[in-house]
Every structure is written in structure tokens, then in C-alpha cells.
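Shared between the two complexes below is chain A, which has chain B as its partner in the first and chain C in the second.
Our next item is the complex of A and B:
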């Protein structure tokens, strides 16, 4: 059951082979047993989870007269899911991985949480993450680092590291994640999972604690593209509460999964296949491309000439927005407040000095600096111009191809502490993922083999705006002829 | 005493609270006076994860204003974040408009006495208000009320076109009347719906460059505005004349002492780190939307004034006075409609004279929510009885007073009840005159001796004998005729 796909779980529930309560219990028990070694969950609440599972079981009973109808209306009902702790969840502690919100219980549900609950999915708990989603290794969490289930001496990637580790260790069949510069795709790659960051605006950001508003986008993480398609169909949709949410007709992201890939044109940006990539990653990615050629796809070299500028532009725009977004954490209305202070300014200073971790403070400082009078034009405006150039590069590339492929991350999962000393080294972990966020494009990662030390390697697929269904089709067809996505770390049975 | 003559330069920034149902970026009510924090939603208190959604009603208000002052309505304007920390600013930034405001340019005419002047506007932009810090009720602590946080404001910025405190007040009054006229603001200054900051500087007459300005914050009455600017101007002149340079600063006016005092200097000025708010899309206003709003606008005061002059033959002064507020203008026009257009001047005199005076005496205003005790049709009834010579002016005022306090249902009823019909029968008046002349031989003698006062005394006697009912003009004419014979 722990290795089952969402479709299989859905069928098992429909056929009454298992109840939602039993399924939730099974995963809760695994969490209880395995989480202490992995630290993937920050919060679990058996009572709340089982109550929600019971409601799904009750709903199924009411709908029992017509199993087919219930199943088609609520295919995900009763399937457990865990939320990244960046999503406000009513009645649940929602920490964002920070001391600042360590005791914050949200009075409302994020749109994503609401959508998944409406679909009947059962919340298993809240997942660990880099503090305020700032990090690529999950080492910045106030609640301690998450361990990679493939090798607990290594990082799971970040910032959705808890989501990735939980699924890899089969503590949850699926999870929500968010991706500002690669935070779904990089941990998916490092933990051997499939995850998709949709086009900016496809999933509402309401209730998702903001890191960098113009880049943040929620998406699903799971074992396979097929699972992600089901989850994204439930998650996506227009929301009047988010002005950047796009008003488009609802989509069934599973609709094209079984299309053959004959004639698919895959663009390979020469900038993604340069010196920055480790050899083990390169050979796994190239083997995957060979597999795609066997499936009938052709490859063409494309160029994204400004991609070298994506990391510097990102590290201006994202901190700038973050410095402002995180101003609300001031100790006045909720969250952490320093226990002792002399006056208002001192309260602010101590609260924020004590409540935020080092990486968050670094980014607030960078962001404050680049927005300051006299520096704004040189940094923020320049970065915005680069952003437009990067989007134009992609548009030009998509005239030659249907999807773009390359590595998700330049290396497999690294050891704890390996990149802590030099933030720039850490920032370069996202060198292949950041440009899609800057362009607002959809991007996904799927497992394509194993590299050094038998650690998973991720293949990245980048699509044109709103091409999620095509990307999921591309990934699914590959997963029909490979089994990387169904591999599971040893010793976690 | 220095011989230098000084010129005062004033520009105003006015925060106008828009009359919308809900806040500018959330669905919370904006009603005044609710218990602290009950009108603050998740968005208003800036919970983690919440997002702003623009209230279109606030945009409509901005478009109305732009149209009313002949400004350009930007087809695309940008909301920006103004970043600073304060406990009553929940997000740690205020959403405002910075580089590209929704209303650009325009202006309005002001009058000081008989002198008319056009004040240019720089811009008007939409923004949200902050909450309130309550320092009084909490010993050693500060309470925060976020009911006001997110209330929609239109900040209207004038060019430095005013040259005296009187002009500044005239501009503020004209603006105050206009925003109420077009229905975008309730104009309640006590509740903070209309507050002004005045940028004040002085320069020697003839100098082109502006002097260094100081900004007087939060002036919430016209009287305080005048006092504050006058004090500030004198202070600045004294400083310069005593050899001290003016430092750019923000100052507060203390209404108890009548003085302005620096709150912070330019050096302490915040770096607000403005940048476009990534949570909001650019505000796009199509020509069709503007046309739709334009169709809903009432006739504007300037147009109405011109119409009063051309259609009713009123003087510029009368037309301006009557179009000072929409309620006053409506009252006048309703009176006119009932009394007849040929009586326009008389209607104008009565509305500006008796009605305005009586309202003033009773501490009332013609404004929304205050019905005038005397309906325009009733006033028209009085006016008709003046023009048909039933009532003398004195009698008319008596009828007016009676109707004002609700006696009788109309002018004719008062006339009937009090027997107020004016005597216009010349035979009757002549017989009274004969009687008066007979019993006041001394006055007659004095009149013939050239004493004009004696004539007035005789008129008075006649009026007294007719209990004031005789038409005074008729009495005059008949008396002169009699005395001449």
C-alpha cells in the first residue's frame, strides 16, 4: 500500500479494500516510527487527521449508492496528503520553518489546503522546510534539518525538503510544495521524486506564506507524473482572493498522459549542458534523453543566452520582495516577540534578530539594500530588465521546440554542511531552476537514474506557459518505460 | 525692520477618505466608530499568507475625481509598497501609488473675495490608510486599533500655487466641497475623512527659486489651517531675517498654543524603499470605464455656476455662492422651479439671505443628512406672495419664520391665520394718510421746512396705523403726492 500510486489508492478505497481511516492510520504509524530519524514533519495531529479521514469515509457511505459517480467526482477522496508548513491550515500550527511562527496557529485555510480538503484528501500533517522557504538544503529550518531518506548524512534539498523526504520515505503518498527558485524541483530531484511547479498564476497563492510574491508558486510533489497530474487538477483554479491568479477554464491535467511522444521536439539549452554539471548527473540526463529518442522524440540544441544572469537577477528580486513581505513579522500582532525590550525600536530589533535565522536575515538585508534610495535603479530595475530578457530567451527557444530538458540540479544530494560556508555555492544549486521562475514558466523534475553514492538524479522539463498537460504527458511516457520513479530507499520498509 | 518683502508659497496634500462600502484591499466595512479591531479581517491585520484585492469602487471614486478636475486618468497605473515599521501599519508597508498615479494633472478654481484663481493639481493617487495607535487608555503601553487600516484614501497633491493662508483655505474649502459634490467623500473633518498637510515656504518677492519648505502635518480644520500657516510663515520670515536658514522638516501644529513645532528633520526622513507591489496587477482603466463613470457624474459646480449666470441672469458672485454645495444649489433650483424662473434674483436673495442666515443661526448646514426645515416649495410660496404684492418684505419674513418652525402648512395658511394681507387699495391708504396728516401737523410743518426726517416719521405713522399691512412703496408715493399738493 505504501508504494501504491494515487490511482491504486483511489481504487482500493472505492473497492472498500481499505478505509480512509485505515489508510491514514497506516501512514501516521509510519510517521511515528520513521520521522524521528528524518525530521520531515514539524506537526502531526492524529485526532484531526483521523476525523478528516472519517468524514471521507462517511461521504463515501452516503455516496455508496453510486460508487462510480462518487469516484469520478472525488477521485482523491480519502487519500492522505501532507502540506508544506508554508500553507496556512486552519487549526493547525503553521510555522513556515521559523521560530517567528513556531506557535502560530492559523485561523484560516490557504486556497491550496481548501482545494485539497474539498477533494476529500486527508491532511497527515505539516512538513518541514527551509525557514520561510529560503534555502536549497533544508538546513535553515528552525526545527532542524530534514534528512535525505536515501542517505541520512545528506540533504534532501530545499526548500520543500520535508515534502520530498516524506514521500521518498513513504511517510505520505503525496505532498504540497512551493517553488520560488526551484524549491519543488530541486528536492524532488535530490530525493528521487516527481514534482511540478505550474505556470505562475495557475495555483492561488492565497494563504501561502509569501517569500517572493512574483516568483512563488505552489505545486504537487509525488512519486509519479500521473500522481502529480491528479493532484494538480485538484489544486489549480482561479481564486478571486489572489489578484495574480489567472482566470482560465479548469483543466484536467491527466487528459494527455497517454499521448505518444512521436514527433516531440525537445530543446536542449547549450547553457544547461556546460561545465557546471557533475559528470554523474550528465550521464544520467543523457541516458534519459536517449530514452526519449527511443520514444520517438527528437532533440534540438537551443540557446538561453541570458541564463547566466538568472542567479544574480533572482538574488536581487527575491530578497527585495522578501524584505518587504517579511516586514509583517514584527512582534506586534502574532508570532514571536522578544521577551525583553526597552522601547518600540528595541522591540522590533530584538524580535526580528531573535525570531529570524541567519539566512532569512541575510536575504532581508540584501533586499533592503537593493531597494534603498540610490541603489534601486542599479539593482532592482536592472534585475527586472534581465527578467524580461530571460523570458524573451525562452519564448525564442520555444519557437524551435515543444519542451526544454536539462538537469534539475548540477549535483546529486550533498552532505550536510557542504555548502553552508559559502552562500553563493548554495545559491548555485538552483542555477538550472531559477530562470523558469523568473519567466513564470512551468517546470518539473522527474527521477532519471542514480549518480555518485547511489543518489537520485533529476531530469528537468520546462514547458511553455500553460503547457503543464504536455509536460506531464512527456514525463508519464518516460515513466512507462523506466522504473526510477518507483524505486524506494532501502531500510525504510 | 528689514525692507524685504516676502512672498508665501503653499502647496497642499489632502487625504480624502473615499465613501466606499468596504476597504480598498479587503471586504471589511469602513463604518466609523465601531469597537476597536472588530472591522479588521485577516487581510487587514496582515496575517501570514493573505493577499490584497483591489476594490473597484475606490477606483471609480478616483476616476470621478479625475474627471471633475479635468485631469488625465492614467490608462495604467501602478500600486507600490511604501515600507516602514509602525505598530499600526500591519504589513510593515503601506500600499500606495508612487511613480504612476491614477489621476495626473488637472486643477480647480478658487475664489478669495472677488478674486478668482486656478490652482493646478500635480496628481491624485489611491492608497490605504493605517490603523490607529491609542496611547491614552493603556498605562505605559500602546493599544492598536486596526479598524481604519485599509480604509481607501485618495491623496490629492496640489502644485505650490497658493500665495497666502487665505488662498490655501479657499483651495481646501473648494476641494472639500467638490469631493462631497461628486459623492466620493463624506467631508467629515472631525472623523478624519478630509485631512490636509500644507507645504509652506517663503521667498523674497521677485525671487524665482522656492525657499526651503516645511510641511505642516494633519490639519483637520480650516481655522487651524489658517492659524498654522500664518504662524509658520511668520516664523520662517523671522528665522531668515535673523540670519538662520530654514531646514526642511515636518512640523505639527498645536492648536492650544497656536504654534508649529518640528517633528522630524530631513535627516531623519525615512527611506521608504518604494517598489511595485507584486501582489497587485497594474491598474488598467479603459476609455469605456471612464465613459461609464462620466455618465454617472452630477453636473459639476463650475458648469452649474456658468449656467446660473447665463440661464438665470445671476451675478457671478450669486452664482458662485449658490453653487458652493450641491445641496445649496439643489435647494435653490427647486425653489426656482416652484417660484418661476422670472423670480430668479428674488429666489437667490432669499436662499442666500434668509435661508442661509437662519441655518447659520441654528447651527445647521445644507448638506446631506440635514434637511432644511423649510421645503423649497414653501419658500417658493412666500416668494410668489411677494411678487403678487400680497406680502411686504417684512410680512414675508414673518411668514418665513412661522413656516420655519413648522406653523401652518404653507405661506397662504400663515397669511390667512395671521391676517397678513398687504393693503394695496389706494383709497384706503389715502384715508389713513389724511388722518395722519391731520394729527401730525408739526411733522408736516417740518417737512415743508426741508426736514427729510419728518417724511420718514409720517411714513412710519401711516404704517403703524395700517398695522404694517400697507405696501410701503405705495405709502411713500401717495404721501409725497399729498404733501406736494
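Our next item is the complex of A and C:
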């Protein structure tokens, strides 16, 4: 049952082979047993989880007269999932991985949380993450780092590291994540999972604690593209409470899963296949491309000439937006307040000094600097102009191909402490993922083999704006002829 | 462009983050590393390029000017560090 796909879990629930309460209990017991070694969850609440599972079982009983109708209306009902702790969850502690919000109990649900609950999915708990989603290794969490289930001496990636580790260890069949510069795709790659960051604006940001608002986007993480398609169909949708939510007709992201890939044109950016990538990652990615050629796809070299500028542009834009967004944490309306201070200004300064961790402070300071008088044009405006160049590169590349492929991360999961003394080295972990956020494009990662020390390697697929269904189709077809996505770390049965 | 100690202090004050003397020295080095890294943007010719502030071009929606929120003051104040009689308490600002 722990390795079952969402479709299989859905069928087992429909056939009454298992109840939602039994399924939730199975995963809660695994969390209780295995989480202490992995630290993937920050908060669990058995009572709340089982009450929600019971409501799904009750709804199914009411719908018993017409099982087919219930199943088509609520295919995910009764299936457990866990939320990244960046999503406000009413009545649950929502920490964002920070001391600042360590005791914050949200008075409302994020749109994503609401949508998944409406679909009947059962919340298993809240997942660990880099503090305020700022990190690529999960080492910045106030609640301690998450361990990679494939090798507990290595990072799970970040910032959605708890989401990735929980699924890889089969503590949850699915999870939510957010991606500002690679935070769904990079941990998915490092933990051997499938995850998709949709086009900016497809999923509402309401109730998702803001990091860099013009880049932040939520998406699902799971074992397969088929699972992700089901989850994204439930998650996406217009929401008036997010001013950048796009008003588009609802989509069934599973609709094209079974289309053949004959004639698919895959663009390979030459900048993604240069010296930056480790040899083990390169050979796994190239083997995957061979597999795609066997499936009837062709590859064509494309160029993203400004992609080397994406990381520095991102480290102007994201900190600038973060410094503005995080100004709300001042110890007045919610969150941490310093115990001692002399006056109002001192209360702000001490609250923020004590409430934020080192990486968050660093990014706020950088953001404050690039927005400050005399530097705004040189840094912030210049970065925004380069952002347009990066987006234009993609538009030109997509005239030659249907999807773009490359590595998700330049290396497999690295050891704890390997990069956290040097912020710039850590930032370069996201070199292949950041440009899609800047352009607002959808990107996904799927497992394509194993590299050094038997650690998973991720293949990245970048799609044209709103081409999620095609990307999921592209990933699903690969997963029909390979089994990397169904591998699981040893010792966790 | 590199930051000296005085510059770090000015940015920290603007950001409302207290830095100890030790932190300030370490912060100076790290910020300068990052600023060195992003300095390469300066070399790019962007004449005539329109800044891109957002990933998608959307027009801000308008809605009828009417009350849409319900009163949840009690819920919101229940999570505040210090409140009294429906007010958020902060240190005295006006003598």
C-alpha cells in the first residue's frame, strides 16, 4: 500500500479494500516510527488527521448509492497528503521553518489547502523546509535539517526538503511544495521523485507565506507524473484573493498522459550541457534522452544565451522582494516578539534579530541594499531588464522545440555542511532551475537514474507557458518504459 | 561596489535587524561576496530593454467597492503577542 500510486489508492478506497481512516493510520504509524531519523515533519496531529479521514469515509457512505459518481467527483477523496509548512492551515501550527512563526497557529487556510481538503484529501501533517523557503539543502530550518532517506548523511535538497524526504521514505503518498528558484524540482531530483512547478499564476498564492511574490509558485510532489497530474488538477484554479491568479478555464492535467511521443521535439540548451554538470548526472541525463529517442522523440540543440545571468539576476530580484515581504514580521500582530527591548525601534530590531536565522537575514540585507537609494537602478532595475532577456531566450528556443530538457541539479545530493559556509556556492545549486521562475515557465523534475554513491539523478523538463499537460505526458511516457520513479530507499519498509 | 562596516550598519538599520559587532564583521564579508557575484550584471548592455517586473502580464482586476470580509478580529488578535481591549500593544511611541 505504501508504494501504491494515487490511482491505485483511489481504487482501493472505492472498492472498500481499505478505509480513509485505515490508510491515514498506516501513514501516521510510519511517520511515528521513521520520522525521528529523518525530521521531515514539523507537526503532526493524529486526532485532526483521523477526523478528516472519517469525514471522507462518511461522505463515501452517503455517496454509496452511486459509487461511480462519487469516484469521478472526488477521485482523491480519502488519500492522505502532507503540506509544506509554508501553507497556512487553519488550526494547525504553520511555522515556515522559522523561529519567527514557531508558535503561529493559522486562523485561515491557504487556497491550496482548501482545494485539497475540498477534494477530500486527508492532511497528514506539516513538512519541514528551509526557513522562509530560503535554501537549497534544508539546513536553514529552525527545526533542524531534514535527512535524505537515500543516505541520511546527505541533504534532501531544498527548500521543499521535508516534502521530498517524506514521499521518498513513503511517509506520505503525496505532498505540496513551493518553488521560487527550484524548491520543488531540486529536492525532487535529489530524493528521486517527480514534482512540477506550474506556470506562474496557475495555482493561487493565497495563504502561502510569501518569499518572492513575482516568482513563488506552488505545485505537487509525488512518486510519478500520473500522480502529479491528478494532484495538479485538484490544486490549480482561479482565486480572486491572489491578484496574480490567472482566470483560465479549469484543466484536466491527466488528459494527455497516454499520448504517444512520436514527433516530440526536445530542445537541449547547449548552456545546460556545459562544464557545470557532474559526469554522473550527465550520463544519467543522456541515457534518458536516448530513451526519449526510442519513444519517437527527436532532439535539437537550442540556446539560452543569457542563462548564466539567471542566478545573479535572481539574487537581486528574490532578496529585494523578500526584504519587502518579510517586513511584516515585526512582533506586533503575530509571531515572535523579543522578550526585552527599550522602545519601538528596538523592539523591531531585536525581534527580527532573534526571530530570523542567518540566511534569511542575509537575504533581507541584500534586498534592502539593492533597493536602497542610489543602488536601485544599478541593481534592481538592471536585474529586471536581464529577466526580460532571459524570458525572451526561452520564447526563441520554443520556436524550435516542444519541450526543453536538461539536468535539474548539477550534482546528486551533497553531504551536510558541504556548501553552507559559502552562500554563493549554495546559490549555484539552482543554476538549471532558476531561469524558469524568472520567465514564469512551468518546470518539472523526474527521476532518471542513479549517480555517485547510488544517489538519485533528476531530469528536468521545461515547458512552454501553460503546457503542463504536455510536460506530464512527456514524463509519464518515460515512466511507462523505465522504473526509476518506483525505486525506494532501502531499510525503510 | 563593496560595503564597509558603516554601510553594513546603515543597511541593518534600514532592515530593522540588530547586528552584534561580531555578526557585523561576518556579515560584511558575506554580503560583499554576494555583491561581487551579482556585480556581473553591470556588464550587460540592456539599453532599450523594458524591465520585467512580473512573470505574466496581467491587468489588475477591479471589484465592486463593497465589504467582502467578515469580522474576525477576535481570531486575529488571539495570535498577537500582546493585545488589550481589541488593540495591539506596542511600546509607547508618543510621549
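Convention: the second predicted complex is superposed on the first by the 493 of 493 C-alpha atoms of A that agree within 3 Å, B and C clash if a C-alpha of one lies under 4 Å from a C-alpha of the other, contacts with A are read in each partner's own complex, and residues count from 1 in each chain.
Everything below uses one rule, namely that a residue touches a chain if its C-beta (ideal position, glycine included) is under 8 Å from a C-beta of that chain, and two chains touch if they have at least 3 such contacts.
Everything numeric here is computed off the predicted structure, so don't read it as measured data.
Colleague: By the touch definition at the top of the document, which applies to A:214: first (chain B), second (chain C), both, or neither?
Modeller: The answer is both, since A:214 touches chain B and chain C.
Colleague: Where does A:305 make contact in the superposed view: on chain B (first), on chain C (second), on both, or on neither?
Modeller: A:305 sits against neither chain B nor chain C.
Colleague: When the two structures are overlaid on chain A, which partner does A:206 contact: first (chain B), second (chain C), both, or neither?
Modeller: After superposing on A, A:206 lies in contact with chain B but is clear of chain C.
Colleague: Which chain, chain B or chain C, is in touch with more residues of chain A?
Modeller: If we count touched residues of chain A for both partners, the winner is C.
Colleague: Taking the superposition on A as described, I'd like to know which of chain B and chain C A:244 touches: first, second, both or neither.
Modeller: both
Colleague: Touch check for A:104: first (chain B), second (chain C), both, or neither?
Modeller: So A:104 meets both chain B and chain C here.
Colleague: Classify the contacts of A:382 with the two partner chains as first (chain B alone), second (chain C alone), both, or neither.
Modeller: The second partner, chain C, only.
Colleague: Quick check for you: in the superposed arrangement, does A:334 touch first (chain B), second (chain C), both or neither?
Modeller: both
Colleague: Does the superposition put A:365 against chain B (first), chain C (second), both, or neither?
Modeller: So A:365 only meets chain C here.
Colleague: Which chain A residues contact chain B in one complex and chain C in the other?
Modeller: Looking at chain A, the two contact sets intersect at 104, 107, 214, 240, 243-244, 323, 327, 330, 332-334, 344, 348, 368, 372.
Colleague: Which stretch or stretches of chain A touch chain C in the complex?
Modeller: 104-105, 107, 199-201, 214-215, 240, 243-244, 246, 306, 309, 311-313, 315-316, 323, 327, 330-337, 341-350, 352-353, 356, 361-362, 364-366, 368-370, 372, 375, 378-379, 381-389, 391, 422-424, 427, 437-440, 465
Colleague: Mind listing the chain C positions that touch chain A in their complex?
Modeller: These residues of chain C touch chain A: 1, 3, 8, 11-19, 27, 30-31, 33-35, 37-38, 40-42, 44, 46, 49-56, 58, 60-61, 63, 72, 75-76, 78-82, 88, 90-93.
Colleague: Can you name the residues of chain A that touch chain B in the complex?
Modeller: Residue positions touching the partner: 87-88, 94, 96, 101, 104, 106-108, 110, 205-210, 212-214, 240-244, 320-321, 323-324, 326-330, 332-334, 344, 348, 368, 371-373, 376, 380.
Colleague: Inside the complex, what are the residues of chain B that reach chain A?
Modeller: 42, 45-54, 81, 83, 85, 87, 90-93, 144, 271, 273-275, 278-281
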